[in-house]
Amino acid sequence: MRSSLVNRIPVGILGATGTVGQKFIVLLQDHPYFEIAELVASEKSAGQRYGDIVKWKQDVPVPASVATMKIKTTEDALSAKILFSGMDSSVAGPAETAYAEKGHVVISNSKNHRMDADVPLVIPEINADHLELVRKQKHSGAIITNSNCSTMFLAMTLAPLQAAFGIEAVHVTTMQAISGAGYPGVPSLDILGNVIPYIGDEEEKMETEPQKILGTLKNGGIEPAPFVVSAQCNRVAVVDGHTETLSIKFREKPSVNDVKRVLAGFSGLPQERKLPFAPVHPIIVTEQQDHPQPARDVWLERGMATIVGRIRPCPILDMKMVILGHNTVRGAAGAAILNGETYVELGYLES
Amino acid sequence: MRSSLVNRIPVGILGATGTVGQKFIVLLQDHPYFEIAELVASEKSAGQRYGDIVKWKQDVPVPASVATMKIKTTEDALSAKILFSGMDSSVAGPAETAYAEKGHVVISNSKNHRMDADVPLVIPEINADHLELVRKQKHSGAIITNSNCSTMFLAMTLAPLQAAFGIEAVHVTTMQAISGAGYPGVPSLDILGNVIPYIGDEEEKMETEPQKILGTLKNGGIEPAPFVVSAQCNRVAVVDGHTETLSIKFREKPSVNDVKRVLAGFSGLPQERKLPFAPVHPIIVTEQQDHPQPARDVWLERGMATIVGRIRPCPILDMKMVILGHNTVRGAAGAAILNGETYVELGYLES
Amino acid sequence: MRSSLVNRIPVGILGATGTVGQKFIVLLQDHPYFEIAELVASEKSAGQRYGDIVKWKQDVPVPASVATMKIKTTEDALSAKILFSGMDSSVAGPAETAYAEKGHVVISNSKNHRMDADVPLVIPEINADHLELVRKQKHSGAIITNSNCSTMFLAMTLAPLQAAFGIEAVHVTTMQAISGAGYPGVPSLDILGNVIPYIGDEEEKMETEPQKILGTLKNGGIEPAPFVVSAQCNRVAVVDGHTETLSIKFREKPSVNDVKRVLAGFSGLPQERKLPFAPVHPIIVTEQQDHPQPARDVWLERGMATIVGRIRPCPILDMKMVILGHNTVRGAAGAAILNGETYVELGYLES
Amino acid sequence: MRSSLVNRIPVGILGATGTVGQKFIVLLQDHPYFEIAELVASEKSAGQRYGDIVKWKQDVPVPASVATMKIKTTEDALSAKILFSGMDSSVAGPAETAYAEKGHVVISNSKNHRMDADVPLVIPEINADHLELVRKQKHSGAIITNSNCSTMFLAMTLAPLQAAFGIEAVHVTTMQAISGAGYPGVPSLDILGNVIPYIGDEEEKMETEPQKILGTLKNGGIEPAPFVVSAQCNRVAVVDGHTETLSIKFREKPSVNDVKRVLAGFSGLPQERKLPFAPVHPIIVTEQQDHPQPARDVWLERGMATIVGRIRPCPILDMKMVILGHNTVRGAAGAAILNGETYVELGYLES
């Protein structure tokens, strides 16, 4: 970790009034590298004080320094070089490109550019080297993305297993929290005492993003990892925390203990460099037979861990397990912040 | 359907104060064949009026004729020949055997005898012929069982597909309602805003019962169907209705439309004979992209249907889909009642 | 009850795609007087088949005869004389007036005209005589309203107590179901595991409507009943059923048994005339110490009852109790239908 | 605040495996005065390691130093002088007395001794002087209690208003969280999508405890404050946070602004002495029209605040408002810890 940043780096928040934007604000309070300097939201909020117009849905108050900031729009010139983007996908595509063309480094949580050939889709424990892709981008700035929230915990679990045993196929069924849908998001009449067995576009993301993340940087592009994902995505009445059941087919057949050992021992660049948002243990293996559970485990490692339990043989593929993570922290705003930290740590900002 | 039963058949309810027992009482009101004549519960309720001591958890009142009945115990001799059993599995094993030895026909929802070699595990749309097994039983009465609640909807979905295309393997992940755990059952602190990714014994039942149900009566026993099931069972904050995601591998590869056609066209003995509890359509195929949902669909066919949606190809096995059914109606008390109707309809009672 | 209507009366549904409109459609299936003939919704649905565009949120399917009806808009001339209105309050005011001017009888659940001096606010057990007010209306048709959903159960409880003992003041705190807010209504992030201690306009309605409903028809107007209501309204995570705690100050001091007797004995015109939607017992007094509960009692009398429990002395005012009713049945669509039945029964339609 | 305790005071936890006991353990981690030294639970856990047998329901892990502690029983002699008690009320009465007789200072959250004439019922912002009562106790140790969880927020709100304007009467309706009932506590079938309008004994506590807390120490006893409380208690589907609607009658009539000013300005001994668990602002007045809400506000001041909103006139009594607090922190374990801190701070431990 950079032992001290005498002057913190000013950053802007795009989509500042949305639920991801709010989470950026909560998580960046007192951040050792970054300091919130600018807030961008839609036209209709322009010029207003953030605290006056935001529909705040967090369980800590709006930080005082942020509450009084005036909201800017995408029309305004921004002075911060680094922009964390929680923009809605309906507008993020061209807006993020425009910021990158003006020289900004856009650390985005939006889906729009994730699968672009020259945009790194980064989980720094896994593929910090993919950041090199930004040098291929044709603008003076950069766009860096993190994965879909459900993909995050899947990719995190698969990465060490792929390295150790090779992965051929993964079945995944998700039980996803309502906070993943933003605000107003899921109507209560649709989810209270109910399950919705469909989330638009989610299965497609889970079936393609992991291969890019676990792919290999080669000839200036990413060669995707060659395994198959089959996803079934459901919304359940949970506020925070996506639970996923997996069944995995391996190239080399590990024992249950092999799998546990490899998962529990996983770490990467954020851990080596002790980045501020790095979980000490990116993967926690639980031995409690009815865990992981969102209501109990989602805040382990300050919401930055992937928790894996119930590792046991599968009579069809090879190994079954249950995984869990905090969808708006490790699965969204926290992921982007760790990407930002990695970007700074690796010296890209100065280069 | 028996055009009229001049005198309804008196039946007893075992485990009458439990949640399955309560459901028997609700569903048997005004039944054309059966009339509740006796209630059996634990020692401590003996001799008391049912309405005075039951912790009633239904959304219709206790029927007046039942409320005033005196509760009997397993010590008392019963006059009803047919006994519907919702006994707790901690006591059902020997108790049900004892009743059968005294000449009673025990139509049980309990798990204890389901896998006994001489006990039929019956879903009458699928294997009414398995009732023949009762002739192998060594007592003057009989024990007949229905499947586990989660198995019910899985077996119902698999049966026509097995007949049409042959099944090799099935992955299933369940999201099960709290009513499946009885009362007091799941503590609210464990499930409100939470998912519990474990239900004791449930995966074992789902991985073995379907093969017996879809098995073949041969040489006086059941030859189980030769497919593999891999189950992952979860509890979610839903009151009634188990949702399950499936991925199926077939011997012969059907198209999505083949699967829909075969499922929607399924029917069996209960439909032919127009039994009182028979759903007109035992399987309903929905085309709504975000269905089936417990809060919307669980009462289709008075809770006796299996609803199947989101039928689509699987990139690993062959076909994915989502299924749903009412766990305490079709998955428990209603299943037993339909077994009772089938038993009577096929003339076993007189034989 | 009209012993038979050889030809059922064709009716239209205004706001047919909303949650109240949907409830009208469910409840009017097989109605002995009324037959759904026309559906009106917003411009953007015009000309489309109801079943194709409605976001159906009921747990029974769209009736087949309704699913294929083409949707009309407020621009279209309607042939049905009676129109049940579940229009959103943002448009109901002038739209309902316009229909009345064209000669239609608008039986409305919307709030807009409730407090108009010449519009009857009717709960037929209490004030069927208020229907006379329609003769004061200056158009060829009529507008008839039912109360706010929370007011319904309060007014129903107060009416017999006012007649027997005189009421001076009532404190009420509500715990209201999400279905009362329509669809999409309350965002799940706002209510899952939460209480919202505010519902816009609701306290004002509860503090003024009961006095009109319990008022006296005099000189062609309504003299409101002279008691004071103080309301505190909350939204809770319940799908259907408003629970309310009351504390009442009486002019003459009744005993607990007096109150129970008067409430349990209440009935009115709908009961005398045996109207189709009339509950046999409009008020049910429960002796279970932890009832009424929405999940258990809301469907008593097919959702048309007011259930009262925990009647006990109050150390400040005189008597405390808890009341409950089904907010979208007795508190909305069912109330309007009973108003329509009363209107027909009393011969207004022919006059 | 005691600037430093070179050696932390060893404390024992009675009822250590229950939900209140668990909360003590979470909250006392890294406490500047107290250090957990002994754990007491029921006979059946005796001698086992805490981490092996506790059904842990917190969202942070069992502290490592506690997980390995061996559990003692009430038979064992304890070395810690101060004992925090979260014992179940079925056993707390004689057990706490026995500990006091052996010289221990029992800081109890249990209800058993609260209303004993010689036992202080303390909220240190209000009545730290009541601790003097312990000198009347006939044993070598002491018993000190905190209020019922629902009483806490009510008493906290009433205290400054009583001092400023005099209180004559208070209506309160509660909407209480499930965590207040312990574990297993409320069955999920009873509360998911439901309201239970009854909590055993709760109304009695709320109607008598505030008068003792706001009472006056006189002639070695407490003269209770002379106002009347009428309580109606309900359980709702919230995990943490009790919401209460109040209507208050004052002796002198304040304006809305008077009430806000007096509440927001309240503080007491814990604030003056800057005790570790003291909230900076014991009462927070919110101006957001739909707050306080448990899901948003319950963690203000680390769960130690009482949040008051919607202050407005009442047409029957004088002023209505909504209050909220964290029932297992400020309303239970946190309250006891603050009592312990006050006891130490005031020098009782040495005396």
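Letters A, B, C and D name the chains as they come in the text, with residue numbers starting at 1 for each one.
Methods note: a residue touches a chain if its C-beta (ideal position, glycine included) is under 8 Å from a C-beta of that chain, and two chains touch if they have at least 3 such contacts.
The structure displayed is predicted, hence computed values, not measured ones.
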Quiz item: What chain is the most remote from chain C, judged by the mean position of CA atoms in each chain?
Solution: A
Self-check item: Pair with more cross-chain C-beta pairs in contact, given A-D and A-C
Solution: A-C
Exercise. Could you put a whole-Å number on the gap between the CA centroids of chain A and chain C?
Key: 48
Exercise. Compute the distance, rounded to whole Å, between the mean C-alpha positions of chain A and chain D.
Key: 39
Exercise. For chain C, jot down the residues that touch at least 2 other chains.
Key: 57, 190, 192-193, 237, 239, 295-296
Quiz item: Line, ring, star, complete or other: which one describes how these chains touch?
Solution: complete
Quiz item: Within the complex, which stretch of chain C touches chain D?
Solution: 169-171, 173, 175, 190, 192-198, 207, 228-230, 232, 234, 236-239, 241, 243, 245, 247, 249, 289-296, 309-310, 314-317, 320, 322
Quiz item: Can you list the residues on chain B that touch chain C in the complex?
Solution: 56-61, 192-193, 239, 295-300
Quiz item: In their shared complex, at which residues does chain D touch chain B?
Solution: 19, 57, 178-179, 183-193, 237, 239
